[in-house]
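Going by the order they are written in, the chains are A, B, C, D, E and F; count residues from 1 in each one.
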Amino acid sequence: MSVATRSRHWPAEGLTRVPYWVYSDAEIYEEEQGRIFTGATWSYLCLEAELPGPNTYRRANLGTMPIVVTRDGDGNLHAFENRCAHRGSLLVLKDSGEARDITCVYHNWSYDLCGNLTGVAFRRGLGGKGGMPPECRPETYGPRKLRLATLCGLVFGTLSAETPPIEEYLGPDIHSRIRRVMRAPVKLLGSYSQSLPSNWKLYMENVKDSYHASLLHTFFTTFRLNRLSQKGAIVVSESGGHHASYSLAADSGGREYEQAGMRSAREGFGLEEPKLLEWVDELGDGIGLQILSVFPTFVLQQTRNSLAVRHLVPQGLERTELAWTCFGFASDDEAMTERRLRQANLIGPAGYISMEDGAAPGFVQRGVASAPDLLSVVEMGGASVASEDNRVTEAAVRGFWKAYRGYMGF
Amino acid sequence: MSVATRSRHWPAEGLTRVPYWVYSDAEIYEEEQGRIFTGATWSYLCLEAELPGPNTYRRANLGTMPIVVTRDGDGNLHAFENRCAHRGSLLVLKDSGEARDITCVYHNWSYDLCGNLTGVAFRRGLGGKGGMPPECRPETYGPRKLRLATLCGLVFGTLSAETPPIEEYLGPDIHSRIRRVMRAPVKLLGSYSQSLPSNWKLYMENVKDSYHASLLHTFFTTFRLNRLSQKGAIVVSESGGHHASYSLAADSGGREYEQAGMRSAREGFGLEEPKLLEWVDELGDGIGLQILSVFPTFVLQQTRNSLAVRHLVPQGLERTELAWTCFGFASDDEAMTERRLRQANLIGPAGYISMEDGAAPGFVQRGVASAPDLLSVVEMGGASVASEDNRVTEAAVRGFWKAYRGYMGF
Amino acid sequence: MSVATRSRHWPAEGLTRVPYWVYSDAEIYEEEQGRIFTGATWSYLCLEAELPGPNTYRRANLGTMPIVVTRDGDGNLHAFENRCAHRGSLLVLKDSGEARDITCVYHNWSYDLCGNLTGVAFRRGLGGKGGMPPECRPETYGPRKLRLATLCGLVFGTLSAETPPIEEYLGPDIHSRIRRVMRAPVKLLGSYSQSLPSNWKLYMENVKDSYHASLLHTFFTTFRLNRLSQKGAIVVSESGGHHASYSLAADSGGREYEQAGMRSAREGFGLEEPKLLEWVDELGDGIGLQILSVFPTFVLQQTRNSLAVRHLVPQGLERTELAWTCFGFASDDEAMTERRLRQANLIGPAGYISMEDGAAPGFVQRGVASAPDLLSVVEMGGASVASEDNRVTEAAVRGFWKAYRGYMGF
Amino acid sequence: MSIDLQWKVANLNARYVAAIDDNKLEEWPDFFVANGSYRVTTAENFERGLPLALIYATSRAMLRDRVRSLRDANVYEAQRYRHLIGPALIGGQEGGEVRAQTSFMVARIMHTGETTIFATGRYHDRILLDAPETGEAFVEKLVILDSRLIDTLLAIPL
Amino acid sequence: MSIDLQWKVANLNARYVAAIDDNKLEEWPDFFVANGSYRVTTAENFERGLPLALIYATSRAMLRDRVRSLRDANVYEAQRYRHLIGPALIGGQEGGEVRAQTSFMVARIMHTGETTIFATGRYHDRILLDAPETGEAFVEKLVILDSRLIDTLLAIPL
Amino acid sequence: MSIDLQWKVANLNARYVAAIDDNKLEEWPDFFVANGSYRVTTAENFERGLPLALIYATSRAMLRDRVRSLRDANVYEAQRYRHLIGPALIGGQEGGEVRAQTSFMVARIMHTGETTIFATGRYHDRILLDAPETGEAFVEKLVILDSRLIDTLLAIPL
């Protein structure tokens, strides 16, 4: 299991350098499943709102492990491996649905919504013949069960007994930044996914990288939606693994980008239809943009009035699914819903300020493919992994690697 | 060559448990080619009827090894590797055809239909220049030749000198169950293939699994084509590797499935056009269904009057081609041919009772992908690998693993 | 790095045998990048003519490594890795274009056309916050620079300091055979690529194989464009790695092929439109066909008046891109251009005499896939790797393996 | 060749594939006359004169049976098709029937979003013109697949 | 159903996809009326009645903004589309407008030559007939993708 | 624009691609006038004004030569195409000729059943109307491939 970590060594510079083999080593990818995704981490599974009533279920993932999340007749949530105790078939094939119990299609073994094996077809045979020996206890081979933690309507799960309580896992700052957004009962607006041509970690770096946003996303800069010169800050959790980055919608009006002649600063480029950006400060703190991440693969995003959760499902060493779920609040009036939908033009695979994030990780994947032994330079903001009141820093990226190395034993 | 088997260990429980790494370990997949497919096993190559006349050939496979089967001018069958002695090009590109000899397209080296190298282009050079040194003996690098065994029109081949005679390999019970079906000269009705998203062994387990049939294939059960309550039996060869499972068409009329509330037992579901199932007991023993398998990858099937051979060609660790060839007998009248074609609705990729078998192995492949170190529970019918007069058992599945472990040295 | 070469051993027969594992071992494929493509070899990058003016760039490859070739404001050529010093993104996304400097899209770090890092966005932070510590020297992480050598309009590059000067690398015979064709300023006619289903070495063997041409390419033979009986010769460089094979357009009229009954010798097969082959002996030496290769992956071809450079880009163990660029000379009149375009029917993926070369390497790849431990027989013309005045020889193929083994340490 | 006839044939197949792609399988049998024939075979079997089909129905009733089995009995993952059809080539006409050949390409989209070219081939149709209600209906629809290889299974009709 | 109407609808979509495939994005907004609506959503959202779209424009101006962003602001690798569309199924007509449904398949070709099936689905169109200059124009174009999964990004409109 | 003309153009290309997909290569040259031109190039070459073609024929005779070479000389594995073409966009008319542009997608099906999108692109056609026997025939057919990359080889014409 630890072939990879034994044969690989992190550069002496520490968190300010990342060796490129970390994105392209197949053994490391294998090992991440055991050490991170089924290890002492909390993985986002779904929104509570996606299990609307009692006796409902939906599929989710713990890294590459297929998971079933259920809400039982009493409204309690459960999650377990999507694997039959008998010969290992997927138990649930549909993405979501209603059910009082779950029956494996292969040999009709049945389970309750807690994931307990409750029935074995012809267990006692037929006409006194065949069947299973009485001493056989298939129950002990049942799907592995997850511990769950729900936080403001977000459902997280873990397979490990060591994982600390979610509040402790997140730390107070990240926790409060989550509560800031998830402040009321959620109304689902819809979902879609992107297939990213890169290792999952390259997307997480991108999310935690407050330095790139205003430089890669020209749209951002041009319309002063987000410039590093706008008041903002970055929060990094104690563990390093979680972060939040935010900025006020109001802009200093500075011309640093123009003076520096940034590619990303285009002049005289106005929207013919400005209502795209017309927003309401619904959270009352003037913050127009907040990107938050929870280790390993969860993202919570507020872009003006457009709200979304994203999470990653590794599909292989160089392929990752990025799943988006956009939402509003049950209390939204029509105008607010319309606003959220209009501002959804900013996000997703076709988003004015997020389409580049689907491609940039792939640019790195290809750029470093033949340089496994070289290093990236992650030194904006020095070597710090602490919260800062500015965003010209890669502190949260370093924080990610701090947490990652801890779990992987590098 | 034996890295895999050295680093892997079969669980102490023996044949009642299968470790999931066996479906997803790349080294094991590599090793199967040497230990099983080119080892002391008989692989099905084709039907004699597919080589209709003298001077014909067709392509086949020994696991992943491309093979040419030929019928020479005297009507004798031969088989050899589809690889040129010179620089290794495929010798035969077409699936089948007529030829008196075989010429490699690359440099026109030629072979007789026994696979002997008979001609080397410009072997003696040209105008006294170039060519091959007289002492060079490319003949010794020729394609490897298979030993053949034909049984009731079925052509089997092996590369190993150790493989016992086919009758001994099969054992008397399986042999007679083959003769039961292959009782007359064959008339080809056609063929097609399925690409299965799973390791080849998962499909073989499915075939040998008399327990699943009536539970997975609702169509089966509902129309009482096959219920475990129907009189039937399972035959497992001494070696464990081969099996036959059969049942009488007549049904006890029992209501065990309904009482057990099986998903697979639907009520009041009758065919608007019953002639689909109208059959003739052509073999005179009342058996409406017989599924037979020969280790490693051959299947012979009688579903009422629909007859077919199937075989597997591994295409990679998680991809397998399943090739179907359906046939009748030269003596069939039009009505019988029509009947076989109509009942072919039951089989193949679109078959009412076989479409699920194309998908179920993939459900397992995905279900266990992240559980390589867990085990399946193969304990219906206890730990026995013997023939039984009932089918509520996984005896033939255990038999498969008994044979598999023997060849692989687990 | 040398796992593969340590665990593999070349057969005792030496250059007359090639073990088939060399085409299918993933570790060897990995190692080739370091030992050959970024080792002491010259790789073809592009034509000078493809960088028409000052301040232009285009993408190229060094094996699997993405490269940028530039022409600076003074008209000087440069080449460097297409990888950003910061976090490794591709620097250049477009295939070619004009630019005075290069800016990475991810965080806008900028470079001059020599590949020097010249700007780091917000290096000093913003408003006294963030930015990079003064002691940090990202410049030292910049893209690796290639040494360039241009020869008659061909641009070659190398990463190694050991690579000898290009003339020495090629040797006088190959050098003069290149000059023979590249005799004047080039006019681009166009380009296209083929995706080959095989390891890159199988295509290079094909190119160096003067024995196959007249046997595989029936069109060739039938129209007496090239028969081994035509006057010709093969040149192999001292190193073995480079070769040229050529033949006079005039044909002896011999009937060796017909007498030998070669598949490739078809009778009475004339062109309805012979102008396809009508050519002008522009080089004045009567040579109608010259194929030349430079180790590892460059080909220069003259087929009558159709001129082209080809080079390979490995895309994986069993996938290779073959890029064609066809050209004439600035001095060509319309008739000559028309002639070159017409004769381009002979080459490329749809070429009458080159389409087979796209497929044959794949035939070998599949033919030997399950025979990794067997050997090819490369003994036409004995064991010699020397130049010969006939082409019934595999001398240049052996030469390739001589060079290959040297670099790989087999 | 009347453009009106061209249109009738093209429109029949357009409605036919739309019904399948929109998951209106219950409407599918009604594109056939009561004793209409529907077979799916491979180009290989077709060219060799081998009669085997993957789906073999000789009446609307058999098509309804298949729809009910797909809805109630068979197990397969959620998936949908997207048919694209080419222009119809109209053949001979006789007795109120016309023959036509139409090329098709079918993409299969799994519930996961995975999209692949699932099938390509041609329809060999015999069409009854001006049928009572339906306007046009298939007397015979022969689906000839270019490939002999089906990925996983063929549940939804082509 | 008049063949002339059939032709007008088919031709509008034919010109529409050709403009995109020929990289004439600046012409794209002019296929819509001034307050025309263009939305790209998934079959999953559509069938669940969820309003989220990947692209959501309610005026020609918003389309022009997108074109200018694609030209001047957004970063994506050189790529082109090839749309193939099926026959149009004409729906109800009222007030000079007609509804139509058209299937499409879009291949994406990267500058490297890599070609994949990028999107499949159907257009649900509301079309203004005999509009002043343009002849026909979209009052509403709803693009319903069969897949929920987009490879890398969706820059060029569908 | 007359629907009749639309139909003639669409039908010509429909018959053209059917002949290729049905392996009637011997009929292929007859879709051209005696001195008709057929070229296959890439969008990249086309847009850069580079004249290189993958196939370059300036007469029916050259097309017949290619068919005979494909039948008798060249070596390639058994494979077939499935062309799908979109609606024709009719361009200018003069001297009994009409210009038209048609999108295509071609799947290649190997004898093994392996199916891939082999080529996409557009036909730029110049068509002689009401030619003696053939009715319509190509004066010029320019096949512009969207991709610069051909998998393995291009044997059967597009």
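One rule holds for everything that comes next: a contact is a pair of C-beta atoms (placed from the backbone, for glycine too) under 8 Å apart; a residue touches a chain by one contact, two chains touch by 3 or more.
As the structure is a computational prediction, the values presented were derived from the model and not from experiment.
The chains that touch both chain D and chain E are A, F. Homomeric contact chain D/chain F is classed as different-residue, with under half of its interface positions used by both copies. Set against the Cα centre of chain B, the chain with the most distant centre is E. We define each chain's centre as the mean of its Cα atoms; on that basis chain B and chain D are separated by 31 Å. Between the CA-based centres of chain B and chain C the separation comes to 44 Å, rounded to the whole angstrom. Counting partner chains per residue, chain D has residues 3, 75, 77, 84-85, 105, 113, 117, 148-149 touching two or more of them. The residues of chain C that reach two or more other chains are 93, 105, 193, 195, 216, 356, 360, listed in rising order. Of all possible chain pairings, those that touch are A-B, A-C, A-D, A-E, B-C, B-D, B-F, C-E, C-F, D-E, D-F, E-F.
Of all the residues in chain A, the ones that touch chain B in their complex are 33, 38, 63-66, 81-91, 93, 103, 105-108, 121-122, 125-127, 129-133, 136, 138, 141. Of all the residues in chain A, the ones that touch chain E in their complex are 188-197, 216, 218-219, 222, 266, 269, 271-273, 276, 321, 326, 337, 341-342, 344-345, 348-350, 352, 355-356, 358-360, 362. Those residues of chain F whose C-beta lies close enough to touch chain C in the complex are 40-42, 44-45, 48, 50-59, 61-62, 64-66, 68-69, 72-77, 148-155. For chain A in complex with chain C, the residues that touch the partner chain are 18, 20, 205, 211-212, 215-216, 228-229, 256, 260, 262-264, 356, 360, 363-364, 366-371, 374-382, 388-393.
By the touch rule above, chain F contacts chain E in their complex via residues 3, 6, 43, 84-89, 101, 103-105, 117, 120-122, 146-149.
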